[in-house]
Structure formats: structure tokens, C-alpha cells
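Shared chain: chain A. Partners: chain B in the first complex, chain C in the second.
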Partner chain A sequence: MANQNLDILFNPKNIALIGASANPSKWGYLILLNILKGNYRGLIHPINPKEKTILGIQCYPTINDIPGSVDVAMITTPAKVVPPLIDECGKKGVPFIIVVTSDFSETGHEGAKLEREVVARAKKYGIRIVGPNTMGIFSAKPTLHALMPPVMPLHGPVSMFSQSGNVGVQMLAWGFDEGVGFEKFVSSGNEGDLNCVDYVEYFGQDKDTKVILAYLEGIDPDIRFKASIKEVSKKKPIFVFKGGRTNVGGKAAASHSGSMAGESRIFKGALRQAGMLEVLTSQALMDCAKTFSHYPLPKGNRIGILTRGGGWGVITADSCEENDLVVPPLPDELIKKYDKILPKYWSRGNPVDMVAAIANDPFLECLEILANWDGIDAILALGAAERGFKFPHDPGVKEPKELVDTLHSILQFIESKKNDRSNTLEGIRSLVDSSGKPIIMVSIGTDASHKSYLEEYGIVSFPTPERAVRVLTQMCNYQKFLNSRE
Partner chain B sequence: MKIIEQAIQRGQKTLSEYESKLLLSEYGIPVTAEKTVTKEDDAVKAAAKIGYPVVLKGSGADISHKTELDMISLDLKNESDVRQAFQKLTSNPKAKVKEVLVQQMVKGDRELVVGLNRDPQFGPCVMFGLGGIFTEILQDVTFRVAPLTRWDAMDAMEDIRGKKILDAFRGKPPVDREILADILIAVGKIGLDHDSVNEIDINPLKILNGNPIAVDALVVLTTDK
Partner chain C sequence: MANQNLDILFNPKNIALIGASANPSKWGYLILLNILKGNYRGLIHPINPKEKTILGIQCYPTINDIPGSVDVAMITTPAKVVPPLIDECGKKGVPFIIVVTSDFSETGHEGAKLEREVVARAKKYGIRIVGPNTMGIFSAKPTLHALMPPVMPLHGPVSMFSQSGNVGVQMLAWGFDEGVGFEKFVSSGNEGDLNCVDYVEYFGQDKDTKVILAYLEGIDPDIRFKASIKEVSKKKPIFVFKGGRTNVGGKAAASHSGSMAGESRIFKGALRQAGMLEVLTSQALMDCAKTFSHYPLPKGNRIGILTRGGGWGVITADSCEENDLVVPPLPDELIKKYDKILPKYWSRGNPVDMVAAIANDPFLECLEILANWDGIDAILALGAAERGFKFPHDPGVKEPKELVDTLHSILQFIESKKNDRSNTLEGIRSLVDSSGKPIIMVSIGTDASHKSYLEEYGIVSFPTPERAVRVLTQMCNYQKFLNSRE
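Let's look at the complex of A and B:
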């Protein structure tokens, strides 16, 4: 059943919620609430034989009582009644069922038996199952929030599947703080039927998805893993964050190859063969989602660094070198250009240190020279939006008068620079577009301004150079995969 | 394959070094020139044919940790060296040696490791990394699931920390990556072709003038099937 199209699952015209409840402490209530609060564009039909309405929505006693066809059924009932419900859905002709219910294979032998039973019955009717033990799905187009927790993510080009519901929905929530928007999400649960390869294949062909994120704990042997995921990797990046990275161990082996294998090393190799990009932290997963959904890829690994002050430039250059990125020396021709616009004590090299000037430094001009240089493929720009002046609006001192006046004029100066900053940020984004090179901004400190640079100007910005370099390294790795593919 | 079937019939858990290399050469993997002998005079004849210097090793399916058992005599330059070494090996108090392997001595300038093992999820996987004594100490190895494409093999070479070992180095030419890729692909193919091959260890795979050559090899068989 490879390449089954999951369009109906992610764009259903209507959903039946089997196990809908009027009790606010039940998932059958909370999921309904989330769907309603999320302004789902389709119709939601709560199924409950005892209630006439829940949350003001008409209930049906069984799925069979719903007039017309049903695209997706979501089940939150206890596990033991799931199999007969599959039959009811099958007779109704439902193509997809999301089984939220737990107590299946994750709890042991008996649960696994019941799960196989559920999947076997579904197969009989040609139904595809999400889960069981899933937290649900999200889809931006129909504004469908069929999720257990009340998460309303930003919309954007990132699609994710997660074998942990918790990790997944919290990434959606976290994306809100980072300005990272999602297109589709599925908590894949126990993957009794539909599995990670199905979701990656679907996201691969989904034109609204530009970046794929995956949280994986394990995969079943699947011959499609390497070949078909590699096809997706050629079209869009797939980032994998792997949980449970410890070695299986305990395997007595007579050779080095056996004793050093371990699940983790082999998994890493398999990921690379499929062109997937492994990240080692949840922060890196988020950073990659943000950057890849907004920026073009660098053609190579040569990096230009622009900085306003030496130290952070040195740290950035070190970080580049340590990650196999090249920081090439400036040619004479560029040095001459910079000589004309920078103070004579500028660094005269890459990193281009404009030296600490408070006002009116030619930041954009310097950046443009770097962006137009064909000796580099990407830029790390430090200090574009210097936030060093964290003056309170009240100077905080009353005397002497000369000091108070000076502090006031500094505040005025900062105020007057706001426009300049906005021009700079707009200029950076247009240089990204005109040069086709990613210009990643580094602005030290973790406040909400990074999100505003992204949302207001489309600029990717990180609070440390190390995080920017880590993402840039992934961009280069992916470009290398695209270049050298067979 | 005959070598494997016969070994299993004899109840061997592993192939001897000599048998292991026969299997590898069937798949085009370069191995040392070598011959097994049981008599001292035959050892001398074999050495002359292979060309000095040679190595003598205790041989047999039950001998797998030759260094620990003191069963290797290196850099034998002439007939009397070979005779002396043969006598020493066959009177080794730590193990009974009935058969001796006379082998081309490869000094080489670098040592790599190539291996195969079976993963319950992914099946046969090829290992590549730094060889010799460093294999265990540095654990600088990477795995690829068989079958390997040429790109997979080339990428594996980029995927170890000590990847510079493959470059030109102290006046020695770089490792021929095409031949190395052939070897990685071939080892994966052995795993796919033979369910009864459970693990392979080529360690060291030495580099001589840029060319890889399997100097020691061990094939572990699946005996419980």
C-alpha cells in the first residue's frame, strides 16, 4: 500500500468523534473543544448515544446515523471497544481512523494482540489507521486542530511527524515562540498501520510542505526506508531527532564489527544513506526548521563573517573552522573597497570587523560588498541590530544636570536610530533575495526580537554564533547531498 | 559458496584467515599473497615463491587472536628466518598449531578496518573506520546498510573523525578511494549473498602506495541455523 495518498486524512471535509463526551475532564471533550476553538473549516460530528448536543454541537448515537459520508473518524473510547467500532466505520465507508485510545502495543503482549486485531479489521475495509496511542493531527489548510492538548500553532511550511505525542505537540507550541509555522503534524503513536515512511512519503509529495521534521524512537524494518525516503530527501530536507540513542549492548560478538555496531551508529549510517539530516538537540531541530523554511541553501561551505567588534568575530570564525566551514581570506580588490568606507584600523580580512562605531557605520554597504563577492556562499552577520543600549526610558538619575541632559540626548539618539535599524533589516532581507545567499544574523541575547526579525523582516537570527554555525553546517551538508546524489 | 558450506559441515564457527581471504578475493577484494603449509620445507618453498620478506602465522579456524597467542612472526627476510619461525610456531605452548600460513609481508603506511555485521532492524551493515590497535581505542568507525551505493561508500569515508588518514600524507600518496569504495560495496554484497556469514572483520586493511590490501581477515559464521 505504498504511496497511499493521505490528502483526505489531512484535508477532511468532516470528522466523526467517537467517544465525544460532555465531561470536561475527558479527551472526548477536550479534543472537540480544540477542534471547535481552532475554527475547523469542515464539519465535526460528535458521536455519543446519551447526549443530544455537546458544546452546542449536535450528537449522533452512532457513526451510521450521520447523513452522508465521513472522511475521518477519531476514536477516544476504551481500547476493548475499538475493534467493533472499526467494523462500524468500515460499513460506513470511512477511509481514515485516528485511534487516540491507548492500552495497545505500548502496554505489552495483550495490548499488542488487540492492536493487531484492530489493524487487521481495518485492512479488511481498506481503512488506514493513525496510531493507536496518538495525540492526533494538525493541518493548517482546513485549520484542523484534532489534538489532545490545546495547541494552536503558527502556520508555515514545516510538517512534522513524531513518535512521541508530547515531543511533537510541544514543538508546535514552541514554534509559536520562535516564529516557526507548521503546515501539517501527526503524532504517529504506535504506528500499528501508517508508519513514519508513509508520512515522510506524503509530506514529500505535499506541495505546501517545504521542510520535514521527524522525532523518531525506532523504526520497523521497512524496505522503503532507504530508497523512498532518499527520493523525498532530494526534494526537501528531512530533519531527524532520534530519541533513545543508547546502544543495544549486551550482544556478545566475536569481532570488532559486531561489538561496535550498536543501534545508534547503524541508525546514523542509515539516516545518511537516506539523505536525512540528523540533529542532536531539540533546539537544533527548531533552528533548522526556522532557517530552512525561510532561506535559500548556500552553494558551498565558504563563509563570510561581518562583525562589529573583534571578539564575537573570532568566536564565529573558530566555530566555522571546527565545523568544516571555510572562512576564506579577502582578496585585495575587496580590501580596497572596504578601505574606502571603513576606519583605517578595520580588520582588513575575513571576518570583516567594521570596528566598534556607535553611529552611522556603513553596515549595509559592507554587507553588500560581502554578498556580491563570489568567493563566499553564505554570510554570518553579527551586530546588525545592536541591542547593547538597554537604557531605561527614565535615565534614573536626577543630577547633576549635565549628566541628566546627556542621558536624555542618548535616549533621543537611540530613538532616532529605530528607523535606521528598520532600514538595515529590510536591506539584509533584500540582499538575501538578490544574492541568493543565506545571510544569517547573530544578535547576542535571547529576547523576543529574534522572532520579530523573522516575522517582520523574514530574517533568520540567532542569539549565539554557535547556533548559527550549527544550522549553516546542516545547510552545507544538505547541499552537498543534493550535489553529489546519484 | 563452497568454502562456507564446507566450513559449516566441519562444524567451524569461523573461517580461518586463509579461507576468509579466499572468500574476500572471490568478491574482488585485494588480499595478501599467501599459502598454508604443514611442513617446514614447504614453508620455505612458499616463502620463496611469494618473495621475501614474509610473515608466518599459526593457521586454523580455531585461532582468531593471533597476537595474544604469540602466533605471528613478522618480517622474515630469508630461509633461516622462516625455518626458525616455523619451529617456534609449531612448538607454541599456548596453542596447538598444525598448519602454518606463509604470507606476503605488507608494511603499509596506514591501517584501516572494514567489517560486516547484522543488525536486527537493518540487516547486513558494513563498517568502515580506523584500523589496527586504534579500532578499539578510538572507536572511529561508521556504518552503512547494505547494499551500498558508490555514493554511500564515498560518504562513509567522509564520516569518520580521522578522515584525513585517507589523504596524501608524509610523502605517501592518498588512498585510492575508488578501490576502497569497491571493497566496502563488496563486503556488503557478501552479507546480502550469504545468510550464513554473520560477521566479517578485515583488520587491518593496510594501505600500500595508496592501495588497500586485506592483511588479516576473519569471517564469523552463523552456526545456529
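Let's look at the complex of A and C:
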């Protein structure tokens, strides 16, 4: 496949920043700051004829003055001086230029003309262009944060290209909250030269990328995006979040990235056939990235549900059925097993409702029975990590001594339970590994613990059963697509 | 309207806990602990013939031994001794009994028979029963946490009844994470006597309740629930989350709360006509509670969108159109106003895309123009509260002195910006009040800040535009229902 040479773009040994500035309210300053603060492993050369150093780093008047070679030049100057700078880069032998500068095709005919001029000059020298009108790139291996906003993503196996810089970088920042790590990212901007085909093919053959995300507003019908999706989807999942699906959204997209309205239905139909996994909300894009990068795919769509509370089991079963997932009945042999360890009023069915119990918690034991049952392909485990006791202390209230003593012993009890919980969480992860089935945890509430379940235990966990079901549906869809290709 | 007398149930001056226990693994202990730790303003009397005190509180052998009157008795004993206890309570003149005990109609014919017996005996004395098989009640005014799990909800104008105790109490706990406060809550259990009609009517006329939530699995077709919904919906919104919507969910509900499968469609159709607001996910229930308890309703469905990033504007516009909300074009007069304060490449349309700018942030000014425009009824404001700079410090990396100095001055800059942000947030809230239009903020990411926006500034904020749109759709639906009643 082509474009293996984007390796240099994402792993440059040295970068020139043309338009570097000593003024903190300029992008040429903030990008340099991000690169430095991100501890970039290569060399960064600010280009500015008026400064000797910026942020302690030696400046050069022009790119030609840099003693060694340059793998990537990044340009933040005004648009009209970009064409001659392309020539300078060409003479220096720079293979990639990231044109951050805006005021090109996104702003009208004049800008479009200038953009064609820039791309044509670059072509003469064999230079490939990212952008123009891009927010930059990120790459985990060289810890390269060549981005306008000061975002420092976590590292992980997810790579993304985005036709909106803002949507892209906010996904990186949001990933930080969710524990979702990124490998490579590019804000593809106006795609004057390098476009979504190049990025999807490159991420497709990149061994460090396991999951591909894309935010798209429009696709040039002449480029072979569908063929690339078809090829890459066989190897790894590609999630596409399409902006401009409706008339009014399409109009907004036209003024934003210049994409064409009304193409949405054709776009979707073709790409779905090719194996693209479409997501319809920003949250779904994040949730899929998280789950697909940590869990094996289910072999089919039969779901086992384990719950501590009947109502949540009902809600989860509804959500499964509404998404064409099957919640099969338990065979007698499993019911007998559960009869031995659960209180007499357990549900005797799937969902397996353990019925609230304070002590002697057989959660992991119940989960193991379900995981080893060959009648299901995936598990939704509700309430594995129960909330701690939350007794806010009101210093204005005098409490009886016995109550204070009791609370003290309860706190000790909770402390001792932490080990149990840790054992449960470790147990769940090893059941994922031994059974090869995804076990998605649901723990109601939006506190920060979901991130720690992922980072400390490798467990995918969501605050609502509906989000867990939605991601499981995507997993089943992708497995079905893979099966159809065999 | 009837059932004003539930006032005593939710505002008891004294409670007897029959089945109180000194054993920390018994519900009769944990409920007492919750009541004490919640700083209940009335008197609580544990009933236990074998103990002199529990948790420092004097015990009585029987309810008859309590010197004063008893407003509410709570029973946690085994099922078979409940009937004679009802007689004891009847002789004492107790008006309400909360039967926590399970093993009644939810477990089969025998249990159902016992439940009928309990209800019949209570009726003889004019006692009203909550449950059986309930997790208890919560009430903000007397700070009464008569609940099995140790949940301490925030106080606010939302009241809820839930046919699943677990779903209900987890909503209370989740509300804590989201800043959503509750006024009254009841886990309605098997609804052997008091049922959803009683609760919806009581909450309907309760002046401290602004928003009603309900989790329902089944409704007895003989009771006049529809009529109650119709009456109460005129005054305040009632959100219903229905469990058992599907065959498999319905089967799970049947084994859980004994509700009938297959009734779901009829149920929904009738209740929608009566003004019920149906939500389809647990997250939507929480989001509606949050928004309706803090914001005025929009007068119509015309939405203004303000954004800092074009892509998010596109995504939001798509989501509006997909939910039948209108995103009207800007009139020339507004375009002229924005031309004066925005960079030349702003979108010149709705969504108003301010285009990324580092300094001189006119966010509030732009929002005010939109809020004062009579062409829209509500606003979605994206990116008002931008993320702070997140530069994780790596102590293993030696940084150039100039970089360290710069970061120091940037941190000072951020500190100075906090005031700006605080001004912006205060400005948004006063625009909500002055314009009477809901301005829902979207701030991408799942960090804890959404709670503080609500608690500190009274601003409703969501981590994704799609969730903001979903709740706005419900607001428009409810306003439309109210208009149709006039």
C-alpha cells in the first residue's frame, strides 16, 4: 500500500517552525511552547529573522540557515507569503510541510486559488502538504505535540484524522478524562494535498494503530476513499463520525470546511458497505475508541447480564433487545449452579439478578459461571464496583459517641473492603483474558472512577447500561462484517 | 386533590423502627445508621426487645412501649411476623407503615396472599402502607434518610417515585455527582396499598416539588394513573422512564416486580396523550431533572447556536435538525452586529462560529446579541468555559530556564483568566434570567466541572451537544403540551 512514507511526517527527527514568534498571543509561539513542553524527542528550529532565541531555543533567519536537514516544516505565517516559503522548503529538501495558516479555500475563491498555487509549487519539489488551515499533528512515539491548543493526550493505540481541528483536539483532551490514549492524530484541514485517503491508508498499515477514528464533513467523490475503507476495515475498525448529516448541519459544514451538502446519504450507504462503522454522537465515538482499544470482539450477539438490582437488569435487557442483541434464557444446568450460591429469590434467568445482599458477595463467582457458559458471547456486568459509603460530615452536629465509634469502625470496614474490590476488578480482567469475551462493566454515576478502572485494571466501564449496550452493538456489527469477508 | 395527608409520611415527627438490630450486617441496623447520620430532625425509636440501646439510641421492646405518638413505623422483620405487627401499629394509632420486608407478592402466590393480608389488616385501622419490598423513603425538609443503602442525596426541587428501589437510590447517588438535588423520594416497592397514583398526585400538589421523576415497570390498568398524569402535567413536568419496554426486558420485569409484559405500547400511548414526558435512557432522566429544575422553558423550538469551533457547530446543528428543532438563519441586522466584533472569517450564519481566537474574547457579547434576538427561543452555547491549560510536569525532564520562566508566567496568566471565566459564567446566568430563554452550555469532556457550573453559577452544562439537544427537545415538547392545554 502507498503512503508508508508518512512515517517521516509522524516521526520527524527535526522540525522547522516558520513563523515562530516571541509574542505569547501568536500561534507561532504557542505551537513552539507545546512542542517543547511535550518533550519532543527530535530537534525543533524556530525560524524568525528578528529573534536570536525564542523560549531559550536558537532561532534561524530562514530555513536555509539550518545546518542539518529538516523532515517537517510547519508554517504559521500569513497566507500570502506561504508560496515563496514553499520554494525555500523545496530548495532545502523538506519532504513534508504542515500549513497551519488559514485564509485559503475555506474562505472563498481567492483563497482557493492561493491554495492551488501552494499545492502546485509543493508538487514540483515532491513535497506533501498537511492542510492548509490545520491545527497540526500529534504523534506518541516521538512525543510530538505540534498542535495549536495546549493539549497533551494520553498515549494509546487510537489514531484519528479530523476535518475539524477543534473537534479533533477536543477528542484528544476528552480522552484524557476518560483514560483513552492516542497514537497519532492529524487535523487534516482543507486537505489541499494529503487527504483522508492518505491518512486512513497510513493508519491502516501502521502497526501501532489498533483503532481509527475519523471526523468528516465532506469527501471529494473523485478520491478512492471507499476502496481504502474496504481494505483497511479488514484489519482494524474505522469509526466515522459525519458532520453535516442534515440540511442545516450541511449548510454549516459548507461555511466551515467547504464540504458539499446533500451528499450525506450516498456517502453513508457506500461507506457502510465498505465496512465503515458509523457513530451518530460524539460520546459514541469516544466510547468505541475506549472499548475497541482494550477488549476482544465478541464472536456473536448473545449477551449475558449480571446485576445486583432487578431494575437495572430490566433496563439493560430492554436496551439490548432494542439494539438487536440477544439475551438468551439460562439453561437448567446454569440455574442449578446459581441456586447453590445465590439467595433463594434470585431471578433464575438472564439477566442474572443476584438480589441485594450485604455480606458474602459472590459477584466474581457468578460472573465466572456466566463467562464460562458457551451460550453467550459477551457480558454486561452491573454494579461490580459499588459506590463507597458517602457520609458527609457536618461539624455543626454533635453526634452520640456510639455513633461516632460505629462510623469509625465502618470506615475501617470500607478500607478492608477496598482489597475485596481490587480483587474483584482484577478477577474481571482475567476473566476477559481467559474467556476471550468482552465483559463491560456498568457503574452508575459520573465520578472519576471509570478512568481508574481502565487505567489500573484494564476494565472498560460506563456510567449507564445504555452506553455499554451501544458500544457492544458496534462490536457485534464489526465482528459480523469481518465474518462476511472470510 | 386527595392524598395531601402523605404530608405526615414525608414529614414525620417521630419514627419507630421495628426490627432495629445491633448487628451491622442487618438492614435494621443500616437503616437506623442512615437516619442518624442523615441528622433526622425528628425522633427515632428503635424497637427491639433484646437490646437496651442501639447506636446510642434507647430501644423499646414493642411499639406500644413508646411514650409519645408515632407518625411512621418502618418494618424490617421477616415477612411472616408482619401481620401481627400491623395490629400493634394499628392499636398505637400509627397512620403510615413502610414495609421494607420482602418475600411478598414479588416471590409468588404465597407471598401475594400474605401481602393481601397485610394490606387488609392495615385498612382496618386506616393505616396506609408503603411497599412491601421497598428500600424506603427520603425527604429533604426533615432530612429524613429512611433508606436501606447509605445514600445522602443533595437537596433540590426534584421528587421521584420508583418501582425499583435500586434504580431509585442510584439516581439519588448519581444526582450527587451531577449536582442534581432531590426533595422527596419513595421506593414504591410492590405497591400493595399506596401506588404511583398516590405519589404522582401528592408530588403534584407539593409546593416544594418542581419536577417529578418516575421509574415504572408496570401499572395496574384499573387505577386512574392516566387521569392523575393529565392533571399534574398541567402544573409540573413528569418524566417517566419505563422498564420492560421489550419482550426480554418485560420478562425480566415480571420476575423482578411482577409487572405484566406486553402492556408497554398501550401504556405509552395513553400516558403521552396525558402529558407524560417519556425518556428512553437513564442518562436522559438525569439530564431532564437537572435542566427542568434550573431553567425556564423555551417558548418555541427555534435554537440559536454559538460556538468557538466550526465542527462542533455542525454537529450541534445536525443534532437539532434530527430532533425537529429549528436553527433559523440570521437576519442581516444581526450579521452586521457580529461583523463589528468578530474576525472577518466568522460563519456569518447560525450556528454563529466565532472562529478560534486567542485574545480579546467577545463570547459574552456574542451571546447577548443572540439572547436578545426575538427570532430564537433557546440557545446552545458551546465552549464558554474552555478547558484550562494542562501541562503535566515530568520531573525526569530538565527544561531550559526560559521555558520554565515562561510556564510560570503562563500559569499566572491562567490565574488571571479565572476571573474572566467567572465573569462569563455569571454573565450567562444573568442572560438566562433577563431573556427568559434557557441557555444550555456545552463543555466537551467528563471532568467534574459541570457540577460546579450548576452549583456555583446556576448554569446547566453538558459534556456533549447531543445531550444538550435531547433535553432541549423535551423542553419544547413540554411547552407544546402546555400550550395545547390553554
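By our rule, the second predicted complex is superposed on the first by the 441 of 486 C-alpha atoms of A that agree within 3 Å, B and C clash if a C-alpha of one lies under 4 Å from a C-alpha of the other, contacts with A are read in each partner's own complex, and residues count from 1 in each chain.
Definition applied: a residue touches a chain if its C-beta (ideal position, glycine included) is under 8 Å from a C-beta of that chain, and two chains touch if they have at least 3 such contacts.
This is a predicted model, so every value here is computed, not measured.
Looking at the overlay, does A:D433 come into contact with chain B only (first), chain C only (second), both, or neither?
A:D433 contacts neither chain B nor chain C.
By the touch definition at the top of the document, which applies to A:G311: first (chain B), second (chain C), both, or neither?
After superposing on A, A:G311 lies in contact with chain C but is clear of chain B.
Under the stated touch criterion, which partner chain does A:I219 make contact with: chain B (first), chain C (second), both, or neither?
first
Is A:G269 touching anything from chain B or chain C once the two structures are fitted on A? First, second, both or neither.
first
Please work out whether A:D87 is in contact with chain B alone, chain C alone, both, or neither, and reply first, second, both or neither.
neither
Is A:D339 contacted by the first partner chain B, the second partner chain C, both or neither?
In the superposition, A:D339 touches no partner, neither chain B nor chain C.
Tell me which partner touches more residues of chain A in the superposed arrangement, chain B or chain C.
The partner that reaches more residues of chain A in the superposed model: C.
Taking the contacts chain A makes with chain B in one complex and with chain C in the other, which residues are shared?
Shared contact residues on chain A (touching chain B in one complex, chain C in the other): 253, 255-257.
Flag every residue of chain A that touches chain B in the complex, lowest number first.
Chain A residues touching chain B: 218-221, 226, 253-258, 260-261, 263, 265-266, 268-270, 272-273, 484-486.
Going by the contact rule set out above, which residues of chain B touch chain A in the complex?
13-14, 64, 113, 115-117, 119, 121-123, 125, 127, 135-136, 139, 141-145, 148-152, 154-156, 159, 198-201, 203, 218, 220
Per the contact definition, I'd like the list of chain C residues that touch chain A in the complex.
Interface residues on the chain C side: 24-27, 30, 33, 36-37, 39, 53, 55-57, 102-103, 106-107, 148, 150-152, 162-168, 170, 173-174, 176-178, 215, 217, 241, 243-249, 251-253, 255-257, 281-283, 308-315, 317-322, 327, 345, 347-349, 351, 353, 356, 358-359, 387, 389-392, 394, 397, 399-403, 406-407, 410, 413, 444-448, 463-467.
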